[in-house]
Structure formats: C-alpha cells, structure tokens
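These are the structures, in structure tokens.
Two complexes are shown next, each including chain A; its partner changes from chain B in the first to chain C in the second.
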Partner chain A sequence: MMQRSFLAQNPSVLWFISILAVFTVIVTLLSEVTGVDMISTSFVKTLGKTLCLCLVAIAMDVVWGYCGILSLGHFAFFGIGGYAIGMWLMYARTEGIVLESLAGQPIPATPAEISDAIGNQIFGVVGSSDFPMIWAFADNLFLQLLMVVLVPGTLALVFGWLAFRSRVTGVYLSILTQAMTLALALYLFQNDSGLRGNNGLSGLQNIPGYEGVSQATLSIVFFIASAVALGAGYVFFAWIVSGKMGSVVKGIRDNEARVRFLGYHVESYKLFIFTTTAVVAGIAGALYYPQAGIINPGEIAPIASIYLAVWVAIGGRGRLYGAVIGAAFVSLLSSWFTGGGAPNINLGFYVIQWTDWWLVLLGFSFVVVTLFFPKGIGGLFDMLVRKQS
Partner chain B sequence: MLRRYILALVLLFAQPIGANAQTLQDILQTHQEEVLKPGRRTVGVVLDDLVASGLPQAVPFLEAWRDREIVQRESDGLFFAVAEDGDTVALRDLDTNEVQTTAPDTALTEARPNGGVRRAIGDALVQFQLSDPDIEKRQAAVNAIARSMDASQLAPLQASIEAESDAALLAQKERLVGMLNASFADSTQDRIAAIEALSGDLSVDVRAVMNTILATSAHVALTVPDGANVAQILDVGTDLTPAEAYDRLVAAELAPPLVPKSAIREALIANISDGSVGGVAVAELNTDAARETAYDALAAAGSVEPRVTTQAQADAVAAHIFYLSYDEPDPSITDVTRTALTAIETKVGLSQTVDLGLDALSLASIYFLAAIGLAITFGVMGVINMAHGEFIMMGAYTGFVVQQFVPDYTLSIIIALPLAFAITFGAGVAMERLVIRHLYHRPLETLLATFGISIALQQLAKNIFGTQARPLTSPEWLDGALVFNDVIAISYIRIAIFVLALIFLALILYVLKRTRLGLEVRAVTQNPGMAASMGINPDRINMLTFGLGSGIAGIAGVAIGLYAKVTSEMGADYIVQSFMTVVVGGVGNVWGTLAGASLIGFLQKGIEWLNPSNTLAAQTYMILFIILFIQFRPKGIVALKGRAAAD
Partner chain C sequence: MSMLLEVSGVSVSFDGFRAINNLSINFAPAELRAIIGPNGAGKTTFMDIVTGKTKPDEGSVIWGEQNASLLGMSESQIAMEGIGRKFQKPTVFEAQTVRQNLAMALKTPRNPFAVLMHKKTKPNAERIEAIALQIGLEDSLTRVAGELSHGQKQWLEIGMLLAQEPRLMLVDEPAAGMTPEEREKTTDILKEAAKTRAVVVVEHDMEFVRRLDCKVTVLHEGSVLAEGSLDHVTSNQTVIDVYLGRAHA
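What follows is the complex of A and B.
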C-alpha cells in the first residue's frame, strides 16, 4: 500500500528505472560479450564509470538540492570508497602473485615471509615494506567492503556532527568541507600516509580470483552492477525525499530557522542526510575505481568535488533525474572534448583546439546556467510538461 | 695588481741577498731520486727543504710537479718544467721561468708523483699560498684549510697571520687558528683557552669543531677500563634495546653470533632428507616455531651451529657494561667543550626561535596579502568570490608581461603595481556588474558562478602563457638577505612583502574608517535599504568595493609572484588558505584578517618545526586544527558584536 502510493507520487521513478533498464540491456546486447561488438570494451567501461558518477551526483543532489548543504567534500567520500575497495583488490592480487612465486621454494613460506613479500611488492615504490595499521583488514573482502561504507560514513558523521552542532551553515560550511577535502588529499599525497602517496593504488581492473575472465566480461559485469546500484540509489533517495522526512529536509533548505522553531531537531536531519549521502558516495566510488583501474590522491583534490556541484547545477538541482542528466551529460561531453573527439574550429587567424578551450567553455557556460537557467537542463522538462497541460 | 708586481719584485731582488744564495735547481739536484719518484714518506724531505728555502719560484715548481709537468733531462740530470708538449718538448727553466731550450721526447724522464704525494704537495702549496701576494690565492688557501682541518696546518697558518694585510682575511685566519688550536694545540691549557674563546661563536663550523672534540664511540666491556674518558654508561632497555646490545656484543666478539632466520631457512633446505628435516615434515615448516624445532634437532645432531637461546642472550647482555667514551682522552678538555657547546647551543636555540618567528611573520604577511582583498569582498560585502585567486594570478601575469616590455626591473615593478591594480579593479567591476549583482541573495550560487569564472580564467591563462612557470624577477636591491648572525637571516624580498602588507593594512583601515567611501561601504553593508534612503547608491558602492578588493588581489599577485613562481594555478594554491584566513580571523573585520593570517602563518611554521621533513603533513594538521577551531569560535578570533554582527 505504502509502496504503491510512493511510486504513484513519483512517476519519474518508474520512468527512470525503465529507461535505465532498457539502456543497460541494449548496451549489454551490443557489447563484445554477446559477440555483436558494436560497443567497445573501453566504451562500456566509460559508460559504467559514468553510471557511478550519476550515483554520486544523486547523492550530491540530495545533500545540496534538497537539504541546502553545498558540500564540497562528497567526491572525497567517493575517493575513500575507491581506496577502501582498492586496498583489497591490490592486496589480494599481490598475495596471489606472491604465493605463486613462493610455491616453487623447497620449504613452505611462513606467514611473516608472505606478508613481507606482499608488503615489498605494494610499498616498494614508497621505500617501505611494512604494512601500515590501516591495511589491517585488507586481506578480507567482507571487512574491506564494510570499510567502503563505514569509513566515509564515520568521517561524515563526525565532521557533520561537529559542523552542524556549532551551526556552521551556508558558504562557511562549503569552505569547511572544502578544507576537509584538501586536508585529506594533502594527507594522501604523503609517501608515509600508508596508501602509496602520489602513486595511489593501481592494477584495480584485475579482480583477484577471476584472472581467467576477460576484461570484456568484467566490464559488462561492473556496468550492470553500476546500473543496479544507480537504480537502487535512485529509488532509495526518491523514497527519502518524498515522504514526511523529505518535506522536513526541503523545509530546512528553504528556511532552517523556521523548521527549528516548529520543533524539529534540524541537526539530526542534516546529519542523517549528510552521512547517508556520504555512504552512497563511498559505494559509488567502490564501483567506479575497479573500472578506472587506478586511484590516486589527485582524484580527491577539492576541484573534483566542485565539478560534482557543477554537474548537479547544470542538470538541475532539486530533482534526482536532473543530477543524473547533468553528471552523464557533462562528464561524457567532457571526455569527448578533452579526448580530442570534438572537431577543432578554424577561425582563420586562430585554431580553437577543444583540448585547450573546453574548460573555458565549461566555466563560462556554468556562469550562464547559474545566471539564466537556475533550474538547469531539468528545467526544460518542466516547460515540456507545462506545454502539454 | 700593482701590489702583486711590487711584491714579486721585492722577492726577486731580496732573494740573492739572502744568507744562502742557492737556486731551486740546487735543492732539487740534492734530492734527484725523490723528485723523480717521490714516495709518500720521502717527499717530506724535499718539501721541507723547499719550504725552508723560501724561494718564490718554489710555488710554480710545486704546481707543475703536482700536475706532472716536471721532467728531468737524462743527459745532465737537470730538472725543467714542460712549456709545450709534443715530440719535441719546449723546456722552461725552473729558476728564471723562461723557455730556455728544447729536447726530444725520448731524452726526458717524467716525474710521476702518485695520488698521496700529490696531496702532500698540495698541502705544502697551501702553506706557500697563505702568504701569496694575490689575495684570491690566500683566500682559496684559507678556504681549503677550513674545509679539511688538520694539525699540520696550524703552524703555517699562525705564521702567515702577522704579514696578513687584508683585515677581513686576517679575521678569518685568526678564527681558523682558534678552531685549529681548540683541536690540535700542544698543551691542554692552550686548547682550553682556545675552546673558551670560541664559546661565543654560533657558526656551523665552530659547532662542528666542538662536536668533533666531543665525538664518542660505543664500547662494551666487562668493567669500564681505567683512563677511559666515559661520556655515558648506557642502560640496556632505555638507551638501547636488548637486541641492539647483543648485536654490539657480537660485533666486539664477546658473544657468539645469533643464527638469523634466513640462515635457519638455508640450513633446513640444505638438510632436507626424505621429505623431512630434523624429524619435522617439510610441509609443516610454514611457521617459525616449527622451523626452530627442526633446526634445534639438526643442532643436537651436530650438523649445524646451535642457536643462542634467549636466556644465554640475556645473561651475556647482563654480564657486560655498555658505555660511550670520548675519543678525546683528556676529561678536562671534554668538560670545557661540553660547557662551551651547551652555551652555544642555548644561543643557537634562541636564535633559531627568533628566525622561526621571522619566517612565520613573513608567511603570515603573504597570507595577509592574499587574503586582504577577500576580507573586503567576502568579509565586508559577504560575497564569496572563488575567482579571487585568479585575480592574484592576473596581477602576477601583469607583472610578468610588464617585465617583457620594460627591462629595468625596478621601473617595471613600479609600473606593474598600479597597472595590476587597474586591470584587476576593472575585472572585478566587470564581474560584479555582469554576474555577482544578479546573485546577491543566493550566496551558494555566487560561489558556483565565480568558480566557473575561476576555471575559465585559469584555463585562459594556460592557453595564453603556457603551463610552465614564468619568472617575475625582483630588482637587484631586493636580492640578498639581512643577516643578523649565523642563524638569523631574512631575505629582503620577505621584508618587502612584510612592509607591503603593513602598508595595505594601514591603507585599507584608512579607506574604511576615514573616507567617505568607507563610511558608505559600511553603511551599505549594515543596511542597504537604509543606506539607499540616505542618498547612497548601493549599486555603485558595491561595485567600487568589489573593485577595490579585486584590485588589491592584483597587487598582492605582483608581490607573491616576486617570491614564488608565476603559474596559472598559483591562485588556486592560495584560495582555500585565504578563505581560512578570513573565516578564522573573523568575517567583516580587517583586524580579524590580520589575526587570522598571523595565527595561520605561525601555526604552519610551528607545525613544520615540529615535523620538519614534511610540509604536506604540516598543512594537513593545520587545516584539521582550523576545522576544530571553527567549532569553538564559529565567528572567528575577532568576532563582531552588536548591530554590526547581524546577518
């Protein structure tokens, strides 16, 4: 009963799920796996990554578009999720390689010798061979998957609790979250951070235990997993923002003081939204980086979180499909322009090369969107709907 | 040059009047064998005679000898310097220094001093060079001594002091003699006096001399021997771990060596028979305990060395005494040196604190300069401008472009400062009119729109100027540093930035508090509606204020460009710190920005001092500190009170 009314209230959810499902099926059928091979493996990976970016964009939309907290730290949570899964991927794969190479020895290796050899393989690049404390659970997939959820969640919980209880709001909160992101990125850049510093974690596209499976198959598996995660995330957030809770959250966005005077404990709502979205960002990151193959601290830099806000703003804040459209549109367009896919424009006296000028275009179009289309691309749907009625 | 000429003349004429009118050739003839095939021991005789003779032509001879350019004519045994090499060699007379004769290559024997001898010759040369008429050669000789001090240099250096005419070099020589005396003087009294005389000197080389005197070496024995100048008795467990202690015992051959894990493994592999070692199956050897059991079984059978038991290790360590003793045997000297070194180190510590303070002050003034424009646009007007960093960058590139047209660095800086202000003022006004004005009541969107401008400007700068760093050269009078002593020094450019920061502080305070514009700015900030009803045009005031804040960012850009490289990303490096500075200091208050910049500058330097190897970690901890700080003082250090504080 409850479920039906929720879906009835949100026709867009059904629409979105159907479109996503059709899209997923089409891509799968056209991929290398079925033998049709119309979509290359690398493009399947790009699409899978884009779906993960859409998921984190939805999270960003909930925290910013619905709750009014412009967090410039959600891409950091995304990165933490990637690091958490990356630690297991890297550890397990290196363990496999090390065990194989030690198998030929005349006497079996002791656990200490195995651990030393793995440590040497992983941390040799930063001149160390000891496992730092944070790698304590790296050998266990289940615990490390738990870390994907727990670490961003705990960080968001502690940070949010500190910030919200001292009533840091608006741009101050944005700057504070940006500072948090910067601190995290700077920390990870150090060689003794225990996460291989500047080198980051690499070789994540190889899934331990599935060495025999081709990248084409793996890419489709991750693509479908990303699509499922996106669909689930969409339904979950649509449910959160639609009920009574959604009304309170939107009330906080529009006038925090008034909601507080109505007797709601504003801080708890904000903290819930902030933490939940951070966890979803972490999950999105954990799905993204095995497809990207490498993660390094540069990915977490404050600018990435700002781009996230850019996607949501261009797509249209305060509507979940807007965030999806924005993230997919801008990130695919961005890789088309910077990847040299866009034709250069010859002005006669000057050739505009899009690899150089794309960011200029993006920056100014962003100003234009903010000034003239505050509802973003999603606003176009409103116009369509209004014309029909 | 004239002085050198005269000196050479004097030497030339003085020599024949000297007691023994011997020539260089005479001396060399008495030591034919040693000159031709010098050994490290035999060369001393020749060198002593040469030094004793005091002949000026000995110096070019020694140089030639060191460079293997001395030959002997086989027909009569006379020595010559090679003037021109080839099949026929031109020979230079050693006394007159004139090319006298030639000889075929085959009729000559070359003197071949080896490496050790050439070093000895070099030392002897230093003694000559110490009294060389050419001040550059004397300076080089003094530098050579300072680089590697040695007892043999003391006497010649002391002898050269009296004749030294250059005051600066004399001071250096005396200081060097003091240091040499501290290490190598004959009597204990002389050394103690020399050491005490040095105790006011903070320089690194004096500290190095003292540390050499206080050098210790680690020893281990059953009891401390008599006459050892013991520096410290080491306590096993606190000063060194039991494992280290045992390693030292092994090194001193007072205990049998441990069998390392790798050796255990090797021994086990070597003794595998029928799939087991020492009664343990090979497959079970995957723990250290199992390997040790197997190894002990092998040791019991006598096929390998037994392991040293933990008990035996502990007993051996307990039976011995571990201590550090000074290499210098005389305790009175080490005592005096320790006292002197402690005094020096106290002074060095104090100076370092002052130096750190100066560093922090200059960092604080850079942060202040970067943030002061923001203090106006963000602090006073409440407009968040993420492109503020790019205004800093525009200012710096303005300086760079001006330097391309005006080659005189002083003049170009004087032109660049107002030009940078004008350009960024214009950019700020344009941005306010076109973008920010429409977003005054949507601060989060201002943040995003200005961020869009920021990435566009950054990429534009990259397209125009390229990605490599561009230099902004400071005028010559800003090169160098103001040196207070060996530890405290501050470069003039940092002083200039500090002064600039002070000027800006005064200027902005004046504009805001003492001018009509400032009054109107404050009025519009507090209540735009009321200000408008008093006849103030809020739009115009906002535009001017924003322009002023941006213009100051441009000037800050020129200053920062002088001290760091100009890149398209330089603004982004400062933007987060600048916002921190304003937020920590307290929004809406110039004094607050000053307090914030000082806090952040001193904090960062302080953390760097605690953890000197890692500036990244220092920045991380600083940002964490700021996040916590804002928890406890959300309104910053200087919080506005009363009506001004209203949102």
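What follows is the complex of A and C.
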C-alpha cells in the first residue's frame, strides 16, 4: 500500500504527545489537588501558561518557520483571544456579584437597573457605565467563545488578504504586521476603547459559576485543558505541514515565484496559513489569560510578538518541537531571571541584577543563535539522530 | 494550422527603456523553437510577459483554440492554462526531495483544500517514476534536491515542467553550466518533449542551438530580427552584425 499513516510518517508527533501526556499526569499528581502538594498552585499556573505560550509558538513556527511569513502580529491575535474570553468572565462574575447585592431589596431591580449596576462596576474605572457595542455578546459564554475564534480569524483574513494580494513580502510585511499590533495596542490603551483602557480586564482567574471551587483545582483544570489544546494543536499543525500542503507551504518559503509558476495561487495558501495560525493563537490566549488573571493592552505591545519570534528562532524554526522547546525554555528562564530566582552577580565595582540584565542576556543569546546555530536548539536533535544512523 | 500562442504587437517599457518593441511571434502546438539574441534583446522579458509576470503596455497575447487572452490572467492561472516555465538559474525546492519536487509539479488540483486532503495514489507515483526515468533521476527520488549537481537540478526543473503537462514549455538557458554529455542528454529530453507540445528554448550557446536542430528566432532590441533555420539566420548580414559579430569579436 502506498499510503502510510500520518503518524507513521511523523514519529516526532507520537513522541511529543507521549511526553506531554506523561508531563501532564506527573504535574497533576504532584499538585495540591491530590494532596501531595509538591508543585504549588502558582507554579501549576505558570506551567499551564507556558503550555499556552508553546501553542502560540507552534502557530508562529508554522507561519514563519514553514511559510516564511515573519508575522509580528501573532501575539496580538493571542491577546484578542484573551480579551474575548475575559469579557465573558468579567461580565458573568460582575453580574453574579450585582445580583447578590440586590437580592435583599424589597422592590426587585429592573433589568435596566441591573445592567446599569454591572456597567458601573466594570466601566466605573474609566468613568463610564454604558456597555459599548463590542460587549453585545458578553453575557453569552457560547457566543463569546465563538468570538475567541472569529475575531482573530477575521482580522487575520482581512489584513492578510490586503497584504498578500498586494504582494507585500519579507521585511515590509513584518513592519506592516507590527504596525497592526501597535495600532491595536494603542487603541486598547484608550479609556473609551470599550475595554477599560490600560486597566485591562481583571479577576479572570475567578470562573463564574464555580466560585466554590478552589484555585488549586481550577489551576489543574486549566493546566490539563492547556495541555490538551497544545497536543491537539501540535497534531493539527503537524498534519498541515506534512504531505503535499507542507511541500507547497515550504516551497512558498523557499521560492514563492517558482510555486506561482507551478500554478499554485500563492496568496490563498498564505492567507490560509496566516488565518489558521491566528485562530490557534486566539485559542491559546483564551486559555492563557484565565490562568494569568489579568489582561491589559501592555500584553499586546509589539515587543510580545517579537519575543514570540525570538522563542521560535532559539528553539529552531521549521520544526514544531523546536518552537515548543524555545517557548518553554525561554519563557520559564525569563520568569526565573526576572522573578528574582537567579542570584545577582557582584563584580565588586558593579552588581549584575538579572531583573535588568536578563533582556541583555536574551538579546545576546538571540544574536548568538542566529549567527552560529541557525537551526536553534531543535537542530541539536538532528545532530543526535545523524550520529545514531 | 492554427497557432498555440500568438504574441502580436507587444511593447513594454521600463523607466523609458523599451525592453520589448512591437514584438510579434507565434508558436505551433507541437514544435521546438530556439530564441537567441544578445543580452538585453528582451528574451527574458518576453517570457515574463507570456507567463504573466510582466504586463505589456500594448499588444495582445492570444492562447489556444479558444483564443483566450493571457493578459488578464495571474501567473498561477496561466500556469494552469498549460504554460510551464524553467528559470535561467535552476530553481528547484532544495530543502525537499526529488520526489516531493516532482509531486508538487504534478498536474493535480491546485486549490488549498484539495492539496490539504491530497492522498498519494499509485498512478501519481508511477507518473513521478516515469518522469524521473526520463530525466535520469530515477535513482535519486529520495535525495534532497539541494544535494544534486548543477546539471541534475536543471533536469529536475525540466522534469517538474514535464510533470505539469504543459502545452507550452518556456525553457531559459537549459544547458548553462553543463558538461558536453549533460548537454546531449538535455537535447534529447527537449526534443522528445517537443513531439507532443511546443517547447521554446532561450539560449546563448550557438553550438547547443545547432544540436537542437530547429527553427530559430533572433531577437534584437525587443523585436524579431530574423527567423528560420539556424543556417538561414546566421547567414543574415544584420544578424551577423548585431549578434554574431559581437559574440565572436
């Protein structure tokens, strides 16, 4: 038979899923939930968030490492996903609190009064109490979950269509995506953006309807959900970049004109990859921010999307596990250095404080990796495999 | 006999420089044609116009029995119409295997959904093997294209053209950088291909053109200077002055 199964052709997928599954089980068993309590709830949240960052990193790897589009907008899609779920979380939780406080009154509050009270609670901080248009579906979990997928997807589709049909490529496209990200962040920073300006959305770690459930349990639920999403995302993207689709996508990266003269409509392929990865980035964001507890426009700032590219470059472009390694390794290391975990180095005349110097170290590693290890950490696996054979 | 491709009165300028000047040239459904001319004669621009990369300022490019105009079509549409192009520098996908390169070129549906759902089939595999045999790469199917020699890359690209099953093949300097043996094989491949389709070879090398033994069109300053057998055009005094004179000076 000609056709070998997808998994047989991609042994790394099975490896990845197995390792992820074992990791998930171990973390769950060692968490507070089982009573072992060797891994604190806050660290479970850090790990869960890291898994979400790995998911957006593989999306970035597909769009950049496989398709050659250096998008500096994928963390914006991630943030949009976070805002979309955050709106429901905040609305539903505030509604619960407002209803509770109004419960004892002799004359029941009218729906308009309830809505006003919720609006006051949410938007009082930016001096408003009216619900902006974009909150129209915030009371409906299902519709808001749809927004997690639809808003980043539509934005990517429209933006990508405009950019790709004009044949904007390379560094110009990167600048354009960065401009989009910056415009979005600046817009969200405004108080009248309808998303609470620089306050962002907060209290997202409290899940409406599950007030009685401890954060320890919620953190494990979100951790497992993030692991499942990462596993599913990995299989999905591995499927896309293997086979003939993978051939065409890699062909576009290496020589766009040649693919075009073979009769492929390059723009459609780029749009497909750009939009699909944006949707996955949105889903990753929707899982990340309930674990982070807060989202504000600073999260969407262009630097975040640049970090995303740095993770993928350090991990190894053009291989999905490389993106996972890069995102996990660099983001965990980053929280260790900036969280005061790394001991400061006293040189006598100067003290290297890692909270300040971490970025210098990261920038330096990026330069070193780009110059000397273009295949990143993932490239080491190639060397190991080659030695064996 | 009706023509496969009729280019008439085409002109195009870049920043005031007329790269193609009122060019008219026709190709029959099954013929081998060589286009020669000095640097800047407009050979590559001519290919760019036919394949949709460059839009001409005036003139018409009419294709096939339906007399369709190629001017409104995108590069990918033109490729699907049955016009394949080989670039001057061998352009294959170096990170992928010979088989993947050929599979990508194979004449199968090109829309993203069909490609995503694409399944390998036995007829397609046989077709790839047949083409590999034709271009002498039957033992290299699993090799990464980047490892191939220069000549093998040229053949692979010709093979990719054949896999597209085009009715018109535009081949830019296929023999550049090849050894005499490789040139001979290239000649055979092109002659064989021209039995069932139009093959247009742009070439600098007169000795290679002689080997092709076909009708020759001489381009000069963006228009046709002479047309006919190689002996006929090389005995034309204007051709000798503008091209051969310069080449053999």
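One rule holds for everything that comes next: the second predicted complex is superposed on the first by the 385 of 389 C-alpha atoms of A that agree within 3 Å, B and C clash if a C-alpha of one lies under 4 Å from a C-alpha of the other, contacts with A are read in each partner's own complex, and residues count from 1 in each chain.
The working rule: a residue touches a chain if its C-beta (ideal position, glycine included) is under 8 Å from a C-beta of that chain, and two chains touch if they have at least 3 such contacts.
The model shown is predicted, which means the values in this text are computed figures rather than measured ones.
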item	value
Contacts of A:K250 with chain B and chain C, given as first, second, both or neither	second
First, second, both or neither for A:V367, with chain B first and chain C second	first
First (chain B), second (chain C), both or neither touched by A:Y264	second
Most chain A residues touched (candidates chain B, chain C)	B
Residue numbers on chain B that touch chain A, as the complex places them	265, 268-269, 272, 277, 282-283, 285-288, 291, 384, 435, 438-439, 443-445, 447-449, 451-460, 462-463, 572, 576, 579-580, 583, 614, 616-617, 619-620, 623-624, 626-628, 630-632, 634
Chain A residues touching chain B - in the complex, by the definition given at the top	64, 68, 70, 106-112, 159, 162-163, 165-168, 170-172, 174-176, 178-180, 182-183, 186-187, 189-190, 192, 302-303, 306, 309-310, 313, 356-357, 359-360, 362-367, 370-371, 374
Touching residues (chain side chain C, partner chain A) in the complex	51, 53, 74-76, 79-80, 84-85, 87, 91-96, 100, 103-105, 110-112, 115-116, 118-122, 125, 160, 164
Touch list for chain A against partner chain C, complex	2-3, 240, 243-245, 247-248, 250-251, 254-255, 257-266, 268-269, 272
